[in-house]
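So, here's a batch of structures to check.
Shared between the two complexes below is chain A, which pairs with chain B and chain C, respectively.
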Partner chain A sequence: MSETPTPAVPEAPGRPARSVDRSKVASFLQDNGVYVALAVLVGYNALFTNFWFTASNLKLQLVLVAPILIVALGMALVIGTEGIDLSVGATMAISASVIGQGLDAGLSVPVIIVGVLLAGMLVGAIAGTLVAFFEVQPIVATLALLVAGRGIAVLMQASTLSVSDPTLLKFGSGSWLGIQAPFWDALVPVIIVAFVVRRTVFGRRIVVIGDNVRASYLSGIPVRRTLLTVYIVSGLLAAWAGLVVTTFTSTNDPSTNGLGYELFAITAVVVGGTALSGGRVRILGTIAGALVMQVLRSTLAFHNFTDAVTQMVTAVIIIVAVLVQRKRARS
Partner chain B sequence: MTDSDTGKGLSLDDARGAGVEASLRPTTTGARIAHLLQRDGVGATVVLVLVIIFAASTVDGFGSIGNIRNVLISVSFPAIIAIGMTLVIVTGGIDLSLGSVYALAAILCTKVLDVSKGLGGNAIAGIALALGAALLIGLVQGVLIARVGLPPFIVTLAGLYGVRGLVYFVSNNGNDVYSAPQSGAFYRFGTGTVFTIGYPVVLALILYLLFHVTLSRTSFGLTAYALGGSEDASSLMGLKVRSTKIRLYVISAGLAGVAGILAAAYSQSGTPDLGRGFELNAIAAVVIGGTLLTGGAGSLIGTAAGVLLLGVVSSYINLGTDLPQAAQAVVTGAFVIVVVIVQRYLNRVQRR
Partner chain C sequence: MTVTDGPASAGLAAPGSQAPPILEAREVSKTFPGVKALQDVSITLRGGEVHALVGENGAGKSTLIKLLTGVYQLDAGRLLHRGNQVSFADPKAAQAAGISTIYQEVNLVPLQSGARNLYLGREPRTRLRLVDYQKMNHDAKALLDDFAIDADPTVPVATLALGAQQMICIARAMSLDANVVIMDEPTSSLESREVETLFGLIERLKASGVAVVYVSHRLDELYRICDQVTVLRDGRLVHTGPIGELPRRQLVATMLGRELLEQHARSSVTAPTDEADGDTPVLQAEHLSRRGVLHDVSVTIRPGEVVGLGGLLGAGRSETAKAVLGAQILDSGSVTVDGVTIRGGSPARSIRAGAVLLPEDRKAEGILPNLSIRDNIVLAALPRLSTWGLFSDRAARKLVDTFMTRLNIKAYGPGQKVGTLSGGNQQKVLLARWLCLEPKVLMLDEPTRGIDVGAKAEVRRLIDELAEQGLGVLLISSETEELVDGSHRILVLRDGSIVAELSGDRLTESELVQAIAGDVTDV
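The block that comes next holds the complex of A and B.
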């Protein structure tokens, strides 16, 4: 959907045919491995898992994947610039706290939503400023925000509130065309981000910066501004995901909302075939990566495996995903 | 320290500062001060001393022997984890799996003791199993990073998930909490004292000394610095890049294992949620201690100061303010941000 054109690997002359084939297989797997994995998982479930391949369950999968997908979109952009954003989970928690505080203060729903989004953009702006203007390594800057952000969220609101405002709940618990709201909440940013990455100058800049920062500076690309914007977008999307989770579960718990989401999102992006070394943003791959993780979790749950097993399998999948990518880099 | 006392070719400071402009000889007074502040955690130590003076003079009971003992004990477990994190970060790597490995060691240890209670509780078997598992995890990660060439961030991220999964798997999905007997060798190992100082603190101190000497005075340590400076150059110089890296990941996982065993012995229990986020706090302590995440520079003295600083701040928030413990996270994050900004400023001053 939004892959950047990678230069074709020139085949060495006189190479034996077999190794060419092998490199072709490796390159196919690197580009499409995540789709193959998704197809295999869905196919397996359709054949062997009772009650899995039903319309209601498939819809549920699309709903459950939404928060991770929303966060992963921002993460894909950040990783495209050769950065990383560990602060997204904490931003989701802040989002939950802002909702709680807003409801407590009796603010109207539009005001609360604007507040949530602004809070997310603020966290992103801090990360972006540190990365772009103070040249702090992204992992350090966003790690500090991960630790501090969760603390701020809990300081803002120590206890769990149940959200009962009917208008606000529509964002997570309403439904349209038979599919619950989180799916639509994710679909809108997916379309916007995909368009931005594929069709806009800003999208090209992200990829170019991730490819070579020095060259980007030298060729007059507004590197700092672009980086700042990317982190703000990531914060915005994380705050949106926080809102979706809070209204879907109709409870806001700043101490657990979004916990570990930074790692889920990174996993979705990496499994989706985007290398952490930047220079590439694969939106469709990221969607498939998030779906693979969701379907995997559901498959294991349907077969009565515990969460412990899911975590171990996730670990193996991450390693396999980077192994496949590495083969491509070599060929 | 600038005029290193090793007469042979590669001086310690040259190796330590490889690839870092901060190691250039300072020329102006400002640059000299900046240079000094970045050396071996001097900056973090200065801040630590200031915070201690401030806290001791404003909060009743902060400077009491009892509180000092508490701070030291609570800091000793993350401190041991931070040793391994420093070693790995010096080479330009990172180890996100340490919190999970810590929990696994604690769980395995206490489970063996709990299950074998009727048989008298075999502490040696528990410790051996826990340490063995930790070392094995380190070896697998080290091989994937050094031999196969996968990025440390990803490999240890998988480790973070996978090992935590293993912890839950071992502990019946986290439903079981194991407890070790309140007597015997294992109990004394965790709760014994030397001159009223707890064993965990003593062990942490010994490990810091040991690894400080290893990092700054042995060829293994210097190879680690060289690796962090430039892996290609190190490899061209004939340094054992791969085996050094593998050993470092084994050591860091092993140290997390030791910390987990120690924590289990101290608290006599193992819970599956133990050590969540420890890897992040360890990274924060390392960064506060002045070690660069880009590798090639840093010291364990800085890390020790960083860990102590976080412990002291936590104690101050507990005793001296009405703030909930969440405030500690905010302070930790703020410290990290301030430190990296100050470091950048200091680097600039020196460059002039």
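The block that comes next holds the complex of A and C.
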């Protein structure tokens, strides 16, 4: 079954005699298409792209994917509740500004980090309050924060836009066991979020609310509290990603930090096989989704295509992912 | 409207009624991965006849309907429309051939007006190709008047009663020149008055030579309006013929494929618990009021007591139950469950105190369709299955296995998605969700609606059993028989107020109907 070559869209419902096999293929692709795509991409590069399949480049891919992955984790939780969080990119910008302000004020590194995380949680709390208590549609509530957040971040921008504090830079530029810090910065939240989703009551509540919020409410699930928490977690992770980007690039520029990340994160989640209609959180799929996007970008870069080409190919992949999803809804 | 067991009372099923068939299915089959949903089933629909299609949930009724209406494609067999072999590629093709379906769940665009729904996709246009609202509203009004349907076509259909919405569906079918109208449990959400209007409409359809397929679990209705009956069981045809030649008892036995289950023994329930004043009530809801919804409604339930809540749709039955659950905003009133007075109502608090509700709208308010049976059952029990917020899979599995066995839930396994189960099994999953909490007060809002005869009997037996074990039950039902047989006491609601309490000798269907009808004499 696994030798299905590419995640091509299976044909429309056909002759009954063979429909059993087809539906098996279709449902296999729905659940595992992202892994197949990742394997195909890596396989292609291993065979045809010079200097790509080397330890150092593979490690680099794992490092470069880190910030998107961190943001996508929170996004996966929000999407699991049938919501969406467009404010994450702006939150990353705020993160950069808070770091700059903290350094200007001469605060110690732990204080700065706590400040960054609190700022992210605050943005998430605002989004969560709007969604959970004022029943604003998630896309509208977080769109407002996307617009306002970056504005605030630029207003708060520090006097210098480069970070030189060696302790702080360790979070993005240090390395351990031969892999640069961002990989480890992502690994920790991945493990925590995966654990939360699989093993905790909170994790169960997320998918339950996403599948039928009314039934959840009538069954005594604390819907509002859960939603609020989910958005706070998303803000927290976005702020952390902002810190990783800042310390990896040594730049705390709020006008570029996290720009467009909300869309990268949504893409990773959707390509990872999570439907926007909620009721499901796929952490492994999200990781693979983020990696597919990263490897794709790197592949095209190795073959000297411009970023514009990458964007177009990304669009195609999103559409294929959604089409494969839709087959699920119909079958 | 009482129908005896005898074959006497059926409609005009003259044996020689040989109007030419409009739609025929010949030995059709349909297989889904792992399931033979339909095997060699034939059915002949003639103009001017109402054809009952019956069977337990999962017998293949829906599959057959979907084959007739182009939703599914045949795997084998033939479909003849007016003698010509046809194959409907999609529902639109079937509709174009004049085959209309009225679904169990009303199938309208809720926020659009009745007129827009009636003319959806074929709106009258002005010369500028814009929608001609004036003409559309006018035509809609004329159409509804023609069918004696009392509904305003200019307001969003969501604001109309369910019955009126359904009438609009039927009017839409008729205005599309339907020659076959398939009705899937059309009365399941109608009040008795609306049912009469519907039956009037069906008579008109018959008179104009339309073939009607009527799917229902209500035997009274079948014997009243149907001419032919086709019984399916496990995807096979087990009987077809004039309904007058098949006595009631035999029809049920044919459907179930076994001798009829012992009928609900009235005496076993009606024996009232002793005037157990010593028992503290498990539920004391007092003076519940909400402007325009509930007026001073008080309900007391003692352990082991089944209190029925009667009344028409919109009388405040579901709202009373929701108020006890804390999901209905109240202006005043108090709710005490098992000695705990619930303040600042929320379902979470009521459930913790021991009051649970099986909601009327299973799909919208009950099930999590895309999650497994396991997830659905443990939903409310999450806190008690965990320590420090960590969920114990092992405890959950044990609980789920216990209840799937105890309630006889039929599924491939606890991992099956609840949305793919039959109505009866979905209802059992929801019952399991509540019973695993060991509640003190179980509120059941139309617990047997839209589920098959076998599951119905099981659910009713379960309610008796639970009451015997000391649970307080609040039973809401539109079926007077179910209410009278199942309750120790019935409170009757009208326009949000309790207007009667029936117990002892007055606990009869006729008293109940009279109390529900109140001053209105023509019900």
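In this section, the second predicted complex is superposed on the first by the 311 of 331 C-alpha atoms of A that agree within 3 Å, B and C clash if a C-alpha of one lies under 4 Å from a C-alpha of the other, contacts with A are read in each partner's own complex, and residues count from 1 in each chain.
Basically, contacts are C-beta pairs under 8 Å (C-beta built on N, C-alpha and C of every residue); 3 or more make two chains touch, one makes a residue touch a chain.
None of the values given here were measured: they were computed from a predicted structure.
Q: Record, for the superposition on chain A, whether partners chain B and chain C clash or fit.
A: clash
Q: Quick one: name whichever of chain B and chain C touches more residues of chain A.
A: Touched residues of chain A are more numerous for B.
Q: One more residue to check, A:Ala55. First (chain B), second (chain C), both or neither?
A: After superposing on A, A:Ala55 lies clear of both chain B and chain C.
Q: Of the partners chain B and chain C, which touch A:Leu47 in the superposed model: first, second, both, neither?
A: In the superposition, A:Leu47 contacts neither chain B nor chain C.
Q: Using the superposition on chain A described above, determine whether A:Arg280 touches chain B (first), chain C (second), both, or neither.
A: second
Q: A:Ala144 contacts which: chain B (first), chain C (second), both, neither?
A: The answer is first: A:Ala144 touches chain B but not chain C.
Q: Applying the touch criterion given at the start, work out whether A:Arg204 contacts chain B, chain C, both or neither, answering first, second, both or neither.
A: Touch partner of A:Arg204: chain C, not chain B.
Q: Does the superposition put A:Thr306 against chain B (first), chain C (second), both, or neither?
A: Once the two structures are laid over each other on A, A:Thr306 reaches chain B alone.
Q: So in the complex, the part of chain A that touches chain C is made up of which residues?
A: 16, 20, 23, 199-205, 207-208, 211-212, 214-222, 279-280
Q: Show me the residue ranges of chain C that touch chain A in the complex, using the header's touch definition.
A: That would be residues 31, 33, 73, 75, 325, 327, 346-348, 350-352, 357, 359, 364-371, 375, 378-380, 382-383, 386, 389-391, 433 of chain C.
Q: Across the complex, what residues on chain A touch chain B?
A: Within the complex, chain A touches chain B at residues 84, 130, 134-137, 139-141, 143-152, 154-155, 158, 263, 266-267, 270, 276, 306-316, 318-319, 322-323, 326.
Q: Enumerate the contact residues on chain B facing chain A in the complex.
A: For this pair, the touching residues of chain B are 94, 144, 148-151, 153-155, 157-169, 173-174, 280-281, 283-284, 287, 293-294, 323-324, 326-330, 332-334, 336-337, 340-341, 344.
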